[in-house]
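In what follows, structures are represented as C-alpha cells.
Next come two complexes, and both contain chain A; in the first it sits with chain B, in the second with chain C.
So, the complex of A and B:
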C-alpha cells in the first residue's frame, strides 16, 4: 500500500521498516543500479580505458574498442536491465499470487513453454538466430501458461495449488519432449546452447524493442493488482469481504507475470533464481506491502543480474560464463542466508 | 414479524458446488441486534454466515442488503456496509498491528486514492475500541492468541461497517479471552452496530446474544431472544442433549446444564 507512505506520524510509524526508511532504501537501490549500469559498460573481458568507453558512448567512432562498447557492452547492459526488471517483478507477482515464498515464474511452465517452442523452431523449422526464435519463445511461454491456467481452473474457480501442480506436470512433459527432439539432432541445437543457459550477451537491441510494449503493459498491471494482492495476503475470505474480486485479480496478475517472464525468457533464455530470490530481499527490506515489494524488485533484480553478468565476464577472462549460471551461484547463498536470518521474508 | 432489518436471506438455497446445505432458507437479522447463530457441527451455521457475507452465492433465492440483492452491489460497496471476521485469516509475516488494522480501509481505496485523515481516524478509533492501541507498533506474529484476535477485530472495525459478521471468533481462545472478546462485542453492539456471530458455546450465546437463531440440518429450528427460545426441549431437539436449563446466577440469562449419561432424573 503506497498509501502508508503518506502517513508521517501516528500508529503508522513503526519500528519495522517505516515509510521513510522504505523510501530511502528505494533511492539507495536506484543509485546502486545506476552504478552497476555504468560498471557493466566499463568492465568486460577485454580492458578498455574509461575515456575510450566514454568516447564510444557520445560519438559514433569506428575504432575496434569503440565498436565493442557500442555493439556489445551497451546492448548487453540494456538487455540486462530490461530482463532483470521483468524477472524480478514476475517473481514478486507469482509469490504474492500463490502466497508461496518458493514460487518462481518457472513453475507456471513459462520456461518449459519457451524452451520447447524454441527447440521446435530451431530443430524442425530451421530458425537459427535470436531475432527469429525469440517470438517462438514468447509465444511458447504464453501458450503454455494459458494451458496451465486452464488445467488449473476447476469449476469453483482457479486455485493456486492446482495451478502450480499443473505447471509442474506440463513442464515435465514439455521438458521430456524437448530433450527427445534435441537428441535427434545435436548439431542443430548447438546454436541454442547459450540461449538455454540463459545469457544476456550477444543479443542485438532489436531483440529488446519489440518486447518492451508488452513489458510496459505488464508493469502497469502489476501495480494495479498490488492493492488487491495486499488484501488477498490476508486470506481469500477476508479479501472477498473487503470487496476484492479474486478471479479478476488472479487473471490480471497472471497476464502480467506471463508477459514479464515470457518476455525475459524470450530475450535471454531461462534464467533461474533471480525471480525467486529478489522478492525475498525486497520483502526483507520493504515489509509485507506489495507496491513496495514490487518497486524494490524492479530495482534490485537488474542489479543482481548485472552483478552476475559482470562477474561472469571477469572470472574466466577472456572466456565468459553465461549469466544464468552465475545467478545460481550468487543467488543461492544469499537466499539461504536470508531465509535463515529472519522469518520476515516469508509470506 | 416487522422488526426492521437491513440484511436478510429470502428463500435461498446455499451450498458448496453440488452439495446443498440449506434449501429454501429465509431468515432476517434484526437491526442493532447481537444475533448469535447456534447449532450442532455441520448444521449449516457457518454456511449461512458465508451466504450473508457474499462468500457463497445462493443458487436460488437471494440475500437482501438494504432492499436489494447483495450481488447487485459493487463489491466494495458491500464491503463498506458488511464486514466479516473469518474463522481463519493470515497475518503476513513481518506486518505490524497498525499496518494490519490499516488494511481494513481497503474498501475505501481506489487505485489512486491516497491515505486520508478519515482513514487515520478510523484506524485509531478501531484500535482504541479493540484496546490494541498500545500494541500498534508490535509485530502481529509476536502477539498472544487473545491479542491477535483483538487485532483482527480492530481491522474489521476499521472497515467501518454497520453490520459485522463473526465466524466462531472465540474458538482457540482461553476462557478469559473469550469473555473479554464477547464483552467487547456487547460494547460494539450497544454502540449501535449489528453483530452476527457463530458461536459454539450455547451458554455464551444465551448470555451475550440479544437474538438467537438455532439451526439443525440446514434449517432454522427456532429464533428469538435467549429467554424465549433456550429451553430444555429445544436443546434436546437441536443438539440431542438432555439438559436442565437454569438461570445464570450472574446475568439471569438461560444457562444450559447437561444431564449427562448417568443422571437421568
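So, the complex of A and C:
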C-alpha cells in the first residue's frame, strides 16, 4: 500500500502511480476482500470449525452449525459486501461531485430522510420488521435527496455548495421532526435506537434482492459519470470547454449516489465513516482519476465494513456490537492517523 | 416544573371547594370520621384510608390493582401489548378509569379526580420528582421497580384493601404449583430447560434468554432447571444474542418460547421461529420446543394464566427416553 500511495515530493507536487501499479493495487485489494469474505463466513459469535463451515458452503447439510452458517453468516457476509460497495462508491461520488474531501452522503440528507421515514413507518404505521421499513428508508432517502436537489438548484444551475447547504437544512428539520415523533412514541424510539446504530446482522437476503437492481443501475451510472467528474475537478469552465454537460453530470451523479446510499441505509441503517474514509484511501493509492478511485472504493469499502463487523462479532461474545458503532471506532482513529501521515487528499 | 405554581393554585382552590362541601354526593363520606391504617412501603409509613374508595394507580400498579378486583378512578397509560392480554372485564375497568398520562402525569387532572389513595410504582427518580405534588393530592404509597412480584401483590392488596381477592388468588396459585410439580415432577427432574424470547425492542437479528419474568416462576416455584445469571451479574435477558447463538441452545432438552393466548408465536418471536437454524435445533425437531403464554408476572392473575399455559405445554412433552 505504501509503495502505491501518492507520494508528496515537495510543495504542490505529487507523484501519481502508473496504470500498472494501480492495477496491481486493485488486484491486491481484490485478494484482501476475498480473504475478508472468507473470514466473515468463518468467524462469528460462536465457534464453528472451518471444516463445518466449508461443509455448509458446499453441501446442503442439515446439521445445526451448517444451517447457522447458511442461515446467518452467509447472508450477513453478502449484505456486508453489498452495503460496503454502495457506501464506498456513494462516498467517492459525493466527494467528487462537491469537490469536498469531507463530504459524505449524509450531507445531502440521505440519512435524515431514511431515518425520518423509518420513524414514521414504525411510530405511525406500526411497521415492525426490517423488510417492512426498508422501503420507507429507501423512499425517504430518495425523496429527501430529490428535495435537496430541487432546493439546491438555482437559475444559474445546480451548485454543490447550495446543495450541501440545502441538505444540511433539510436534515436539521427532519431530524427535529424525527426526535419529536420518537419522544411521543416509545415503540418508535426503541425501533430507531437499534436501527440508528447501523447493523448488517440479522438481515435476510430477502432484504437485499429488491434493492440490488437499483444498486446495479447506480454502479453503472457512477462509472459513466467518472470521466466528466474528472474534467469537472479541473473547474467548471474547463469541463464545459471539454464538452462536459455540468447539469447532466451532476444529476446523474446525484441519482447514482442517492440510490447507493439510500439502498445501503435501507438495508443496514446509517453507517458512518465508510463513505467518508474509503475514498480518501482510494485517492492516496490511485491518484486523482475518478474511475480508479471508484474501483478502489468498490473493493476497499466492503473490506472495511467486513473487518469492522468481524471485530464487532468477537469482542463482546456472545453478544455483538453493531457494525456502525465499530466503523466509527475504527474509522475515526485510522482516518486521523492517515491524515496526519499524509496531507489530506485534495480534490 | 413551570406548571408548579398553577398546580399549587389549583390544589388550593380544590381544597377550598372540598371544605365548602359543594358536592352534595360527598356529604356522607365527609360526615363519617375517616378510619385510617398505616401502610409501610418504600416511601415510608403512610396513613391510608381503611377502605379507599377513589384509588389512583400510577405506573406498574394499575394492572395488579385491577387484577385484585380494584376499580381505580385514575390510571396511567398501560402499553397496548400488555392491555390486550388482560381479561375483557379488566380491560373494561381500565378503560372506565380516567387516563392521567403516560411518561408525564397530568397532576391537575389527577387532583381534579379527588383520589383518596395513590398507588405508585415508577422509577425512583421519577417518583422523587413528583412526590410532593402527589402527597398533596392524596396519601401516596410507592414501591421501587425491583420489588418482588409476590411482595408487590401483598403490598398492593394491603394498601388497596383487597385482601379477600388476594387470598383467593394465592390459594389458586399454591394449588396450581402443587399440581404441576406432582404431575410432571418425574419428567422435569432430569430435564434441562431454557426459556428464550424476542421482544418489540430487541435489536434486529437478536433474541435473548429469558431468565427473568415468567421463567423465574417456572424456575423458583415449579423447579424447572432453567439457566440464570451468576450472582451479582446482570440477568441473562439483558444480553441481546445474535441468531447465530441459537446453535448454543442445542445443549438443552427443552426450549420454551413466547406465544399468544391463541398459541401462536408472538409477533417479535415469529421471526426466530421461521429461521432454519431454529427449525434444526434438536429440541424443535423432537417436539420439545414448547410455546408458553406469559401475559405478565407482576400479579397473581396473569401468573395463574401462565401456569395454565405451562401446564398444557408440559403435558405435550414426550416422556424422556
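Observations
Keep in mind that, in the parts below, the second predicted complex is superposed on the first by the 326 of 347 C-alpha atoms of A that agree within 3 Å, B and C clash if a C-alpha of one lies under 4 Å from a C-alpha of the other, contacts with A are read in each partner's own complex, and residues count from 1 in each chain.
Everything below uses one rule, namely that a contact is a pair of C-beta atoms (placed from the backbone, for glycine too) under 8 Å apart; a residue touches a chain by one contact, two chains touch by 3 or more.
Being a predicted model, the structure only gives us computed values, none of them experimental.
Look at A:72: by the touch rule set out above, it reaches chain C but stays clear of chain B. In the superposed pair of complexes, A:111 makes contact with neither chain B nor chain C. In the superposed model, A:22 makes contact with neither chain B nor chain C. Contacts of A:178 after superposition on the shared chain: neither chain B nor chain C is touched.
Of the two partner chains placed by superposition, only chain C is touched by A:319; chain B is not. By the touch criterion stated above, A:245 is placed in contact with chain B alone, chain C being left untouched.
Touch criterion met: A:203 reaches chain C, while chain B stays clear of it. Taken together, the two complexes place no residue of chain A in contact with both chain B and chain C. Within the complex formed with chain A, the chain C residues making contact are 79, 103, 200-206, 239-248, 250, 267-268, 271, 275-277, 279-282. The part of chain B that touches chain A in the complex is made up of residues 17, 53-55, 74-80, 82-84, 86-104, 106-107, 109, 111, 113-115, 119-120, 123-124, 127, 133, 136-137, 139, 141, 159, 165. Those residues of chain A that touch chain C in the complex are listed here as 44-46, 48, 62-65, 67-68, 70-73, 128-130, 186-187, 190-191, 193-195, 197, 199, 201-203, 313, 318-320, 322. By the touch rule above, chain A contacts chain B in their complex via residues 1-4, 6-7, 10-16, 99, 155-156, 224, 227, 230-231, 233-235, 237-238, 240-245, 283, 287-289, 342-347.
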